[in-house]
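The same chain A turns up in both complexes below, where it pairs with chain B and then with chain C.
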Partner chain A sequence: MATTTATEATPRRLRVSMASARLHEAGWGYAFALLPIAIFGLFFIYPIGYSIYISFYHWGILGKTSPGAGTFNYSQVLHDPVYHTALKNIAEYTLVVVPLEMALGLGLALAINQKIRGRNFFRSAFYFPSIASSVAIVTIILFIFSNDGLFNHLFGSTKDWYGDASTVLWGIVGMNAWTTSGTVMVFYLAALQAIPEDVYEAAALDNTGAWRTFRKITFPLLRPAHFFCLVVFSIGALKLFDQSYLIGGPSGGPDYATITPILYIYNQVFQFSAFGVGAAAGVVFFVLLFLLTVFERFTVGRQEAA
Partner chain B sequence: MTLQTSVASAEPYVPGRARSEVTRKVLLYALYIVIAAIFLVPFIYTVTTSFKTLPDSNNVTFIAHPWTTSAWHDIWTQFDFPTYIKNSFFLAGVIVTCNLFLSALGGYAFARLRFPGREFLFLLVLGTLMVPDQLRLVPIFLMIVHWGLFGSFWGYIMINLVSAVNLFFMRQYFLTVPRDFEEAAKLDGAGYFKTFWRVMLPLALPAMAALAILQFQGTWNDFFWPLILFGQGDQSHYTIQLGLAHLHSTYGSNWPQIAAGSIIAILPVLVIFLAFQRFFVSGSFTAGVKG
Partner chain C sequence: MRKRFAVTLGLVMLAVVLLAASSAQAGHKSQKVTNITFAGWSSGNTTEDGLDQKMADAFNRTHKSIHIQWEAIDNYTTAMTTRFAAHNAPDVFYVDSSVIGDWVHQGVIQPLNSYITKSHLKTNVFYPKLLGAFKVGKKIYGLPKDWSPLAEETGNALFAQAGIRSAPKTWAQLKSDAKTIQQKTSSQHPICLSPDWARMGAFMYQNGGSITKNLTSKANATAVNFYVGLIKSGLAYTPPANSWCGQELGQGHAAIIFEGNWLLPYMKGSYPDTKYHVNPMVKGKQQGNLAFTVSYSIAKSDKNKAAAFKVLSWLTGKQGEKIWMSLGLALSPRKDVPSVGGRKPFLKAAPYARGWGFGNPNFANAYQVMGNDLNAVISGSKTTQQMLSDVAKALKGK
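And now, the complex of A and B:
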């Protein structure tokens, strides 16, 4: 570093004052970073340890209710049929919604990446549902898909899409694909615009058709974006809570069709005051998220591993 | 969908091509308009419905007949929407201000001030990005209850005082600022805090504006933590999202009122979106990802 060489060449008195200047700088560094670090420590790092601790006790609102539960809470979670349903729901939901969001988002990005008039208008229109809150989206969609709502009117049906246990989860898939594809589009658009023009020019010289160009050139070149979107949006999908809570209520109705792992934790806390079980469910879920990320990293992300 | 219009038009002119090109363009625009309609019609329909009477809201029409503002009047007077809006603006204002200031302060320290353990502490901050909110649900709820802050805004404000994403972006931004500015400030006798406050912070305003917009959107739209920390009882603490959810669950089929409430829940973010579109769609700053 430049400062070290400067120190060697300078007389002792100056060196002492430089050392004190460095001490001074370090002092201010700690002073600046202190509050942010303290907040991270208290609300992000400490809760992890606290959560794991709680998960090994029977815990009520006032603290421990028995000397130790061992792995009781974990076996409670892992043997609870409701938790199994929650895992099944979230697996089905994620496996369908993430590819759907990515395909739609990529399609929208390709559409916007054309040289067309009104590009900015279309881009904003496609992105618009992404800015709305989950509550507003749910209320609007429930209105449009109600028994005698706009959707059923247009398509001549009378089905209660979000009130029926067999369709409600797919309804949430459709709703979130609709809102999130605009966000996916933004990521793909940034990646598409980073592809140099001459790649396409070379393809055009070879008389390569549009579909072939997409399949052989554009799609493979977007690989880092595929990986990024897959990781970010699958984690987002696994955390499904707002829509489930608002549509199916805290118990994940009808008939547990909308229960998710997060909603399960919520219920353990707010319906049964079973904090130990809730904490254990949180740890289990965190481990699952972590394993999934590692899995994605080593399958799709092989070449992107930096 | 065709990929390269530019390439196609670069080919030599062939008679008869012009007409097929026009047909293609028309079809393409028709497709774009249909897709845009899928994204926008539900919102337009909601706006129309908010001006309908209750019986009229069951008719699937895009024109309110008769036209009335009574749903808007009702949510303003029968329900406490003014309070919900006030609460949401209060929380968003406090959180955006504190979070941006502390994220900038921490980001500056990590970018420019040398102190032992800096790299380790920075890794620790980045590591918190991996902790899902849901693992924190139980411990944070218990902490807030024990501190007697359950049902008040303070617990929610505390957990949002700083965020790793914002701190990270501020650090990256400060790394790009040339050192000359700080050296000039030092020559003028400014101390570390004054250099940060009077020189570096004003230089970082563009980055802070972008983060402020996204943080506002995140806080305004947040449902999860407000529901857990103060959304279970006293309605005087409800945010706009909690209020709308409450209206929806209690008066489920009064569609004009619900439509009006939904519009209020979207409107402030929409206004900011229209004014600062480039921050939203630039991609690099899209930090909050919804399920």
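And now, the complex of A and C:
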């Protein structure tokens, strides 16, 4: 009897001590996470919540200017043709720039993943535009593509590529695809090097050609990297501000060709002191960004999980 | 005996030194020094930025109870917005006439009327249109620091090649001279025109129009069509994205431009070999010009308003303005302080030049609409009337 009690008591004690150990471990885990969570809450969650709050008020430099605005600010934003243009611009920009960046980045990664001489030099050279100052790059690009710049001298044109409403956005696409491709390259390079060699050896034994190997092995095995790059660089592209501001000025000119949602928010807040409208524009854009990320998660992301 | 005398003398001297030191300290304590910050944007030009410091040094030399410190602020409007919100604005600061309307509407600028009355400061020494740029109703929100209207600058080389001896004075002459230059020189488009209402607005006033009243009037539409027509006809061109009309004149691409006093130091620094003339602005039906002016103002939340006003009145006073004018970077807003030589064509506009911004609280937004719509009119995607009604709406805050 006594033996039976002892044998029954042992697993219970074990369960209790296991639970206590888990609790102890979780406690330490939460303790370690507390500081980052506090920082995240203070600098991300709180401002987001506060922006939502502001978006329901007429808000000036010194705070509330009237008791409540209801959905007035949202109506202002949703009926503003400038915001519509900003959304149209950023949609066109993102749809072109992200695939271009990914294609360029993947191409560069494949090139420098080969065992070639001076590989380290090319890695640095391709990555360099990503770390160079965007102000410096924009200044140089404006000189090259001005009506009497190098580009027009070479191709016999007189167009001011970054001063013309019909070409300026595509100019920014080209510039950013080039500057960002270095960062994309780094992600793809890491993913390429994670593909096991034996897969390629098996393909080589089957006499598979280079293109077929890429199409059937490399590209599908890079799916996690595709998803990562798509999400991260889509969000990055949608947040376009600096190049747009440097080229078109705060007004997003010429003829609103460089206005973007972030520039619109910046203008509402810092140029027009309309904090409520700026906050509402921010909330609308946040919702759009969130929906896009969810869409990407359930399309490309689902395949990746599979 | 001698030893005792030496000890006594030493003690007396020590007492004298201690007394002197303590009285100096007491004196120092009794005269409380108020620290005042005066701030503005950085011009990016070390000479100009140095001039602000020179003003601060001159003030500090002559004032014992107030000590001022110059602060150059980058990205000015954005930085000042955040500082107003944090109740941390400098004591005295620059305000461009184009933003004063909004900042007054936001309640962040201190009206100066009571301080002006108390100090018996005479405001009639300022050109009325410039002081008016910082007035909303009867309240004065700043005293003008400096200003510049537009003038017509002409490149000597292209004019000589075309055989034209004097600069155009009227719209008709502007057109005919540009045609002559186009025909007789290598210049394909002799006039450089910024796609900017801050230039075109002067033509609207020259045609009897106005930016503040009845914007969609025929007079305004005619002026816009004349301005845009110069570009569409090929007599004028807009500067490329990385340039401005001053640069175009300096490089010899443009024969005629319309810029302010800021052009003169720029040309001296960047194109010292380019010879050019500064002429009064062309005339339409009447004289018309815009005044780009900046004030010194005080924040409503400022804790040292009395001292700040003393600084402000000194900076905009005769002495302060004399120092500020010494390098010829701007024009004096005071009738009793002369600007440096060669500025006559600018100064002639003082009685009729309208303060840019017009005290309108929606001006920042309207100015963006102006710029974008003017580009659209030039490219043909919008009509003049559409632009005028868009801008009229934006000025009303709609």
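The rule is short, and it goes like this: the second predicted complex is superposed on the first by the 260 of 306 C-alpha atoms of A that agree within 3 Å, B and C clash if a C-alpha of one lies under 4 Å from a C-alpha of the other, contacts with A are read in each partner's own complex, and residues count from 1 in each chain.
By our rule, a residue touches a chain if its C-beta (ideal position, glycine included) is under 8 Å from a C-beta of that chain, and two chains touch if they have at least 3 such contacts.
Model, not experiment: these values are computed from the prediction.
On the superposed chain A, the two partners chain B and chain C do not both fit; they clash.
Contacts of A:298 after superposition on the shared chain: neither chain B nor chain C is touched.
By the document's definition of touching, both partners, chain B and chain C, reach A:270. Within the superposed three-chain model, A:143 lies in touch with chain B and with chain C [touch as defined at top]. Touch criterion met: A:165 reaches chain C, while chain B stays clear of it. In the superposition on chain A, contact is made by A:61 with both chain B and chain C. In the superposition on chain A, A:241 contacts chain B only, with no contact to chain C.
Here chain B and chain C are compared by how many residues of chain A each touches, and B touches more. In the superposition on chain A, no contact is made by A:219 with either chain B or chain C.
Judged by the touch definition given at the top, the superposed model places A:252 against chain C, while chain B stays out of reach.
None of the stretches 80-88, 368-376 or 386-394 of chain C clash with chain B in the superposition except 80-88.
Note: residues 61, 139, 142-143, 146, 148, 269-270 of chain A belong to the chain B contact set and to the chain C contact set alike, using the contact criterion stated above. Those residues of chain A lying in contact with chain B across their complex are 22, 25-30, 32-33, 35-37, 39-40, 43-48, 50-51, 54, 61, 107-108, 110-111, 114-116, 118, 120-136, 138-144, 146, 148-150, 153-154, 176, 178-180, 182-183, 186-187, 189-190, 200-201, 203-204, 210, 213-214, 218, 232-233, 235-243, 245-246, 261-262, 265-266, 269-270, 275, 278-279, 282-283, 285-286, 289-290. Only residues 60-62, 139, 142-143, 146-148, 160, 162-163, 165, 168, 247, 249-256, 267, 269-273 of chain A touch chain C when the two sit together in their complex. On the side of chain B, the complex with chain A involves touching residues 1-7, 10, 28-29, 31-32, 35-36, 38-40, 42-43, 45-46, 49, 58, 60, 102-103, 105-106, 108-110, 113-116, 118, 121, 124-125, 127-128, 130-143, 145, 158-159, 161-162, 164, 167, 191-193, 196, 217, 220-221, 223-224, 227-228, 232, 241, 244-245, 248, 253, 255, 258-259, 261-263, 265-266, 269-270, 273-274, 277, 280-284, 286, 289-291.
Chain contact summary for the complex, chain C toward chain A: residues 77-78, 81, 84-85, 102-103, 106-108, 195, 238, 240-243, 362, 364-365, 367-368, 371-373, 375-376, 379, 381.
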